[in-house]
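Single-structure report; data block below.
Going in written order, the chains are labelled A, B, C and D, and every chain counts its residues from 1.
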Amino acid sequence: MRKLLKTTLAASVALGALAGTALAQNTPKKIGYVVNYATHEWYQNVIKGMRDRGQQLGIEIEVKDANLDVAKQVSFAEDFMAQGVDVLIITPVNEEGVAPLIRRAKADNMPLVLEGNPVKGMTTMVAICDYDTGYHAGVAAGKYAKEHLGGTAKVMNVGLPLLSATVLRSQGFMDGIKTEIADATMVHDLDGGGNPDRALEVSSAALAQNADINIIYGINDNSSLGGLQAWKAAGKSQDGLLVVGTGGEGLAFINAMQNEPSYKIEAAMFPEKVGFTAVDAAVKVFNGEEVPEHIVSPTAPMLGEDWKKFYSVEGTTRSVNWDGINGVQAPDKCMKTAADLKQ
Amino acid sequence: MHAELVQERGGAHTGAAIEMHGIGKRFPGVIALEEVDLVLARGKVHALMGENGAGKSTLIKIMAGVYGRDAGSINIGGREVALRNPREALAEGIKVVFQEIALISEFTVAENIFLERHPVGRAGSIDWKKIRAESAALFERIGFDVDPAARTGDLPVSQQQMVEIARALAHEARIVVMDEPTSSLTPNEVALLFKVIRRLTDLGIAVLYVTHKLDEVFEIADTVTVLRDGRHISTRPIGEHTHDTLIQDMIGRRIDNLFPRSRGHAKGDIALSVKGVSTDAKLDDVSFEVRAGEVLGFFGLMGAGRTELAKAIVGFDPIRAGTIEVAGRPLKPHDTRTGAGLGIGLLTEDRKGEGLMLELSVQQNMSLAALGAFSRAGFVDETREKAAVQGFVDRFRVRTPSLNQLIKNLSGGNQQKVLLARWLMRGLKVIVVDEPTRGIDVGAKSEIFALLDRLANEGLAVVMMTSEMPELLGLSDRIAVMAEGRITAVFDRDAATQENILNAAIA
Amino acid sequence: MTSESLSSTRKPGTAFGLFADRSQIVLIGILAALCIAISLAAPQFYSEANVIAILRQCALVLIVAAGMTMLLICGEVDLSVGASLAFVGCIGMDVINRTGSLTLGVLAALAFAGTVGLFNGIVATRLRVNSLIGTIATMMMLQGGVFLYTREAVQNHHHLPSFTGLGAGYIGPLPIPVIIAAIVFVVAFVALRYTTFGRYLYAVGASENAARLSGLRAERLKLIAFVVTGLLVGVAGMILASLMNAGQPTAGRGFELTVIAAVILGGTSLSGGRGTLIGTLLGVLVLKVIDNGIIILRWNQDLQMVVPGIVIILATWLDIVRRRADAR
Amino acid sequence: MPQSLDAAHPVPPPAPAAAMLKALFRRSEIPLLISLLVVIAFFSIASDTFLTTRNIANVLGQSALAMTAGIGVAIVFISGEVDVSVGSLVAAVAIPLIVVMNATESLFLGIAAALALGLVVGAVNGYLSAYLGINSLIVTLGTLFILRGGVYLYTGQTAIPDEAMLESFFQIGNGRLLGLLPYPALIAFVLLLAFAYVMRHRPFGRQVYAVGGNPEVARLAGYSVKRVKFACFIISGLLATVAGIMLASRLGSAVHVAGLGFEFQVVAAVVLGGVSLSGGIGSLFGMALGVLILSFLSNGLGMLALATEWQLVVTGGIIIAAVAFDEFKRRRI
């Protein structure tokens, strides 16, 4: 309890400090955010970060959920423009699919910030580096494998080829792990749909075919947990297994890290920080300030008990330890982006 | 307009309109038609008669292009024609008026008249004005009083049947086939129908008239062809026939009395008591009683509410007011399960829609209502079930290759026997039969008639809805007449005459 | 494919039940061909682990498909099973967390799932909304409702071994879900094949009016089929929650289509009155073997959408061809 | 006599006022129109940004996709069949469109290629359903999966961007007539009028109603039931293609995840619009009203900042209520 208080205090101090700098400028009154998938925990936390920051700066944040529908996304952005918000933030369902929208926003003089994925013709984007996230988790996994798994790395990737971001994570993970274990291989590359049950299903088949898998990588927590559950359902012992998850958006990974002996690494992507940063970027764009094309929001692999530095849990509520998160350094540039995938 | 057309084309009103020779058709396990000949003369009415399953419907479906033939030739105007589908048959000038209403109920009457070909104006748009005007003119010509703009589904069945018949006039037909056209018509409409038929023959059109009603044949037909068991039996001018010879040709033996009555007048306790039943749709304060062993006949013109009454008293349709008691115990309205439990069941007039489960077998169809009796703790004892079904198949002489035959492959009369058996297997106190012999020929009719008679004799109470006078007068102990949802008169068997029944029905 | 014999028409006894119905021979052939082809290319197909993985996947689908078969036979359909599956898991997990009792959790899950089935049944039979549309609407409401209930996955707090066992446990060599599915299958098979209830379902599906006139309570029978399907979703939902060690609100997407595809593939008619549980079992196996084979063979997983689509159309067409041949 | 021709009753009876009222009420359009007005009125009061010309124009543009595809789906429904493949088809047709445009820089060739694919898919659906007699729900569910899988396989699960960047192509989905009415709304409206005319005043339209209302009767009247149904599937394929082209223009690319769940939206709107699943009943104007109701509802709930979960719950409830009402009405009146 005392710890929670301390965290909250620290957070407000941090917020206040940042708010101080921001308040010197003009602030937009209302920001419209078209999120691609609001029911997902990741985006709920992004929104939470936005609202926290918005409250600090006295900005109203309105959210519309495209619910993974590209057509609806364009419609909602249109609605916001008709409604007359001051800045628009969009998380594209698909990065190609919002190109005409950006053109129309420009024609309407509507300041626009993208979250997540870069789009041709955009002003700025706030995003984590997916490749880097995977890469650093991969390096950590390599080190762990050297120490605990006898130096072999047979990876089952519970991936999601549907999105460039998740493809980058998987690539980064493999590249990272190879820096430590040169002969690390991806034994199975799966499409787990990002869903826990689908991930469970496809992993079961893959685990049955390849008994030598010793590392499960999931592009999000649902995927890594689905893979782990498939492992458990096959009646296998978790000795000699390493599970690496990505995201760290909810309670699921904390639960797993506490209770599952193999769930040792989580590549945290701090969604709250993404939302926080996006609002700051929106204010800057609103004021016509110079902004970099890619504003990077930090990520970091968390090993073992590391998560306690960033989050505290009380019952079923998770609160942000802003001190910890703000202490994580973000790179200026990503090692690899979606643009690199196309070549 | 149309009349001239036909006359021009028809030329002399004599000679063959269509010649069919050696027609053969097989269905799985059944030879429906074998070596059947039929020649229709221009401007004449040719009656086609035959028992249940004799092959009449198969033959007219071949003429309509609904079925292909397996053997034989069809010549029209000296040309052999294929008649692969209804379109080809229509193009050859063959128009079939089926017993089942063949109208689109969502369309207006006028549009249905021109269903085969919507007249179009310039630019290919439908000429609705012409459709309206011509159908109105057509109705006026034949004296048929119905609004061409009415939605067809809103009309009573008899008027729909008349629309069907009128439709035959609107087309450039050379051959008109009518399948049991009077089965749902009122006497006035039958007269109208005969007028239409005479008009058709005056135009040189050949009419094939399929029916079971002997009186009608003697009234309208020039020639009669009889089929039996899929074979051609006889073709004779009507003048060479008497009632008896015709029946003999149809069933291969003589019947002295079509509706033999074996019963005395012994009546038991009250089996069914209906008091003040009214429904939203039709019925208005209907009350009557039926005793065990008694047959109560209900007569009424189309739309009088007989079918509605039948469905209400077995618990199929909801009622607004009134009570129904079976053997002294109250029936819960709108609940057929308690109805069946109390021992009342309905033999429906709509076999396809409400009686049969077409995709299921004879056995599954027959044992449905009595399944509970063959089961212990919810499990069906199939040996007992099968034995019972076989028993009824034998007793009712149901013609089926096996108990596993799908019921849709049986003829109408055999289907009706299966449905009757469905109730008798269960054991009833009261059976309500609605047009029990509709679409069934003389032989099967008299079988079903005899069955009902015997059942009443065994103590069953029978409520019979019928529009056929001989049936009504032959079987009923008492006759109730309905008009507009009310009972207008009740006659004892001895007091009932055709005249006073009709008078009460019109009232 | 042609047969002149009359015995090819279906027998009431064997018609909806016994093993050698001809439509099922096609499916058995497809299944055998698939198994042989896959195992030739990837011998691990027959490994114990893989067979158990396939069976466990089949179990979830089969449990719900047993109910869906009954529904389709009586002429109805339920598209809300996928959304309900997710919701059930969340509720079951939540109740276990609150009470620490597996029994109460399972009961809550069953109560909820049964209520969803009841709701679908009432909408279809009392309000007379076509169940295809009505259950799509229920699906939407459940998808929305589950996020109103919980914003995130409900984690397993107590780690009850009995709860874990529900999905991942074994009795002897057999996984518990497979045993549950086998029990459900046998009960449903017997119910459809040997009881009056089963016979009534076929009758209601073949002609609701005729069934009603024969003294059956058609609406109530349909209602029961809806509730049974709902309850089976409850069972499957708890197994899935156990397998995932959490109640996942995002689970079950597309599950309804897998289930319906399997039932249709098994020869059950969408228009009611026709279908068998053996067929459904074969349908489930075929679909899941295809799914598994595509992964085992390392084919592009996008084929997991394409191949079942083709197989279902093909199987339905073969069934039509066969029935036409029988009718000739 | 007035020439007001309703889809199902081209010649309304010249009846007294009560019967007229009854006939009016039996048409699904009137209650639907009232519902639409209630929805609009409600949100106009509840949100101050709802009833603006710009917003209304936007919603009309947004509803154009569902309306265009909905015309085809409604026609297939009226013919007594079902088409749920439109969700994947709108994504699939964008591929030939964009690929050909990128290669040839010709909007015309791109659209031709897209229409060709739509035609083929419609023909396959129609052939399998009408001529081979496979249940159309199964067929189109199958093609829904096959097409989506095919799109993923072809694109490798990425979007194909529009590299030709033709202004004309951009304008299709994003341009506005007089700077106000989005072109998609205009296209959908013209198509709606054209097909409503066909369904009421051309023999083909009447054949579709007859075939759906009673196929046996239609066959006896000499119609080729199979050919009519086949044609309906082709119409549906082509109209879904038009919707797909408009969507591709709005997205500036062929997006592999486009149209996921679109079939549910369209079917829901069509059914809400009073088009019966059993065939032969319903009108295209009813369908259009169904689409508009759902579009305004989605827009309005969004304006009230109601979360997706509430939107789902509300929409689901409305569908059940609307269809139940329709059924109730059909039985009572």
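FYI, a residue touches a chain if its C-beta (ideal position, glycine included) is under 8 Å from a C-beta of that chain, and two chains touch if they have at least 3 such contacts.
Note that the structure is predicted; figures quoted are calculated from it, not measured.
S.K.: Taking a step as a move to a touching chain, how many steps at least join chain A to chain B?
M.R.: Step count on the best path from chain A to chain B: 2.
S.K.: Which neighbours do chain A and chain D have in common?
M.R.: Where chain A and chain D share a partner, that partner set is C.
S.K.: Computing the C-alpha centre of each chain, which chain sits at the greatest distance from chain C?
M.R.: It is B.
S.K.: At what distance in angstrom does the C-alpha mean of chain C lie from that of chain B?
M.R.: Roughly 43 Å, centre to centre.
S.K.: How many Å are there between the centre of chain A and the centre of chain C, using C-alpha atoms for each centre?
M.R.: Once rounded, the distance between the two centres reads 36 Å.
S.K.: Would you kindly tell me how far, in whole Å, the mean C-alpha position of chain D lies from that of chain C?
M.R.: Distance between chain centres, rounded to whole Å: 31 Å.
S.K.: Note the residues in chain B that touch 2 or more other chains, in rising order.
M.R.: Residues of chain B touching two or more partner chains: there are none.
S.K.: Which residues belonging to chain C are in contact with no fewer than two other chains?
M.R.: Expected reply: 147, 302.
S.K.: Mind pulling the residue numbers of chain D that touch at least two other chains?
M.R.: In chain D, residues 152, 157, 307-309 touch at least two other chains, as defined above.
S.K.: Please list, in label order, each pair of chains that touches.
M.R.: Final set of chain pairs in contact is A-C, A-D, B-C, B-D, C-D.
S.K.: What residues of chain D sit close enough to touch chain A in their complex?
M.R.: Within the complex, chain D contacts chain A at residues 49, 52, 54-55, 58, 61-62, 65, 152, 156-162, 170, 173-174, 247, 249-253, 255-262, 298-299, 302-303, 305, 307-309.
S.K.: Under the touch definition given earlier, write down the residues of chain D that touch chain C in their complex.
M.R.: By the definition above, chain D touches chain C via 128, 132-135, 137-139, 141-146, 148-150, 152-153, 157, 264, 267-268, 271, 277, 307-313, 315-317, 319-320, 323-324, 327-328, 331.
S.K.: Could you list, by residue number, the parts of chain C that touch chain B in their complex?
M.R.: Checking each residue of chain C against chain B gives 4, 6-7, 9-13, 15, 194-197, 199-200, 202-203, 206-207, 209-217, 273-274, 326-328.
S.K.: Going by the contact rule at the top, pick out the chain C residues touching chain D in the complex.
M.R.: These residues of chain C touch chain D: 123, 127-130, 132-134, 136-141, 143-148, 257, 261, 264, 270-271, 300, 302-310, 312-313, 316-317, 320.
S.K.: Any idea which chain C residues touch chain A in the complex?
M.R.: Residues in contact with chain A: 42, 44, 47, 49-54, 56-57, 147, 151-153, 155-156, 159, 164, 167-168, 170, 175, 240, 243-246, 248-253, 255, 291-292, 295-296, 298, 301-302.
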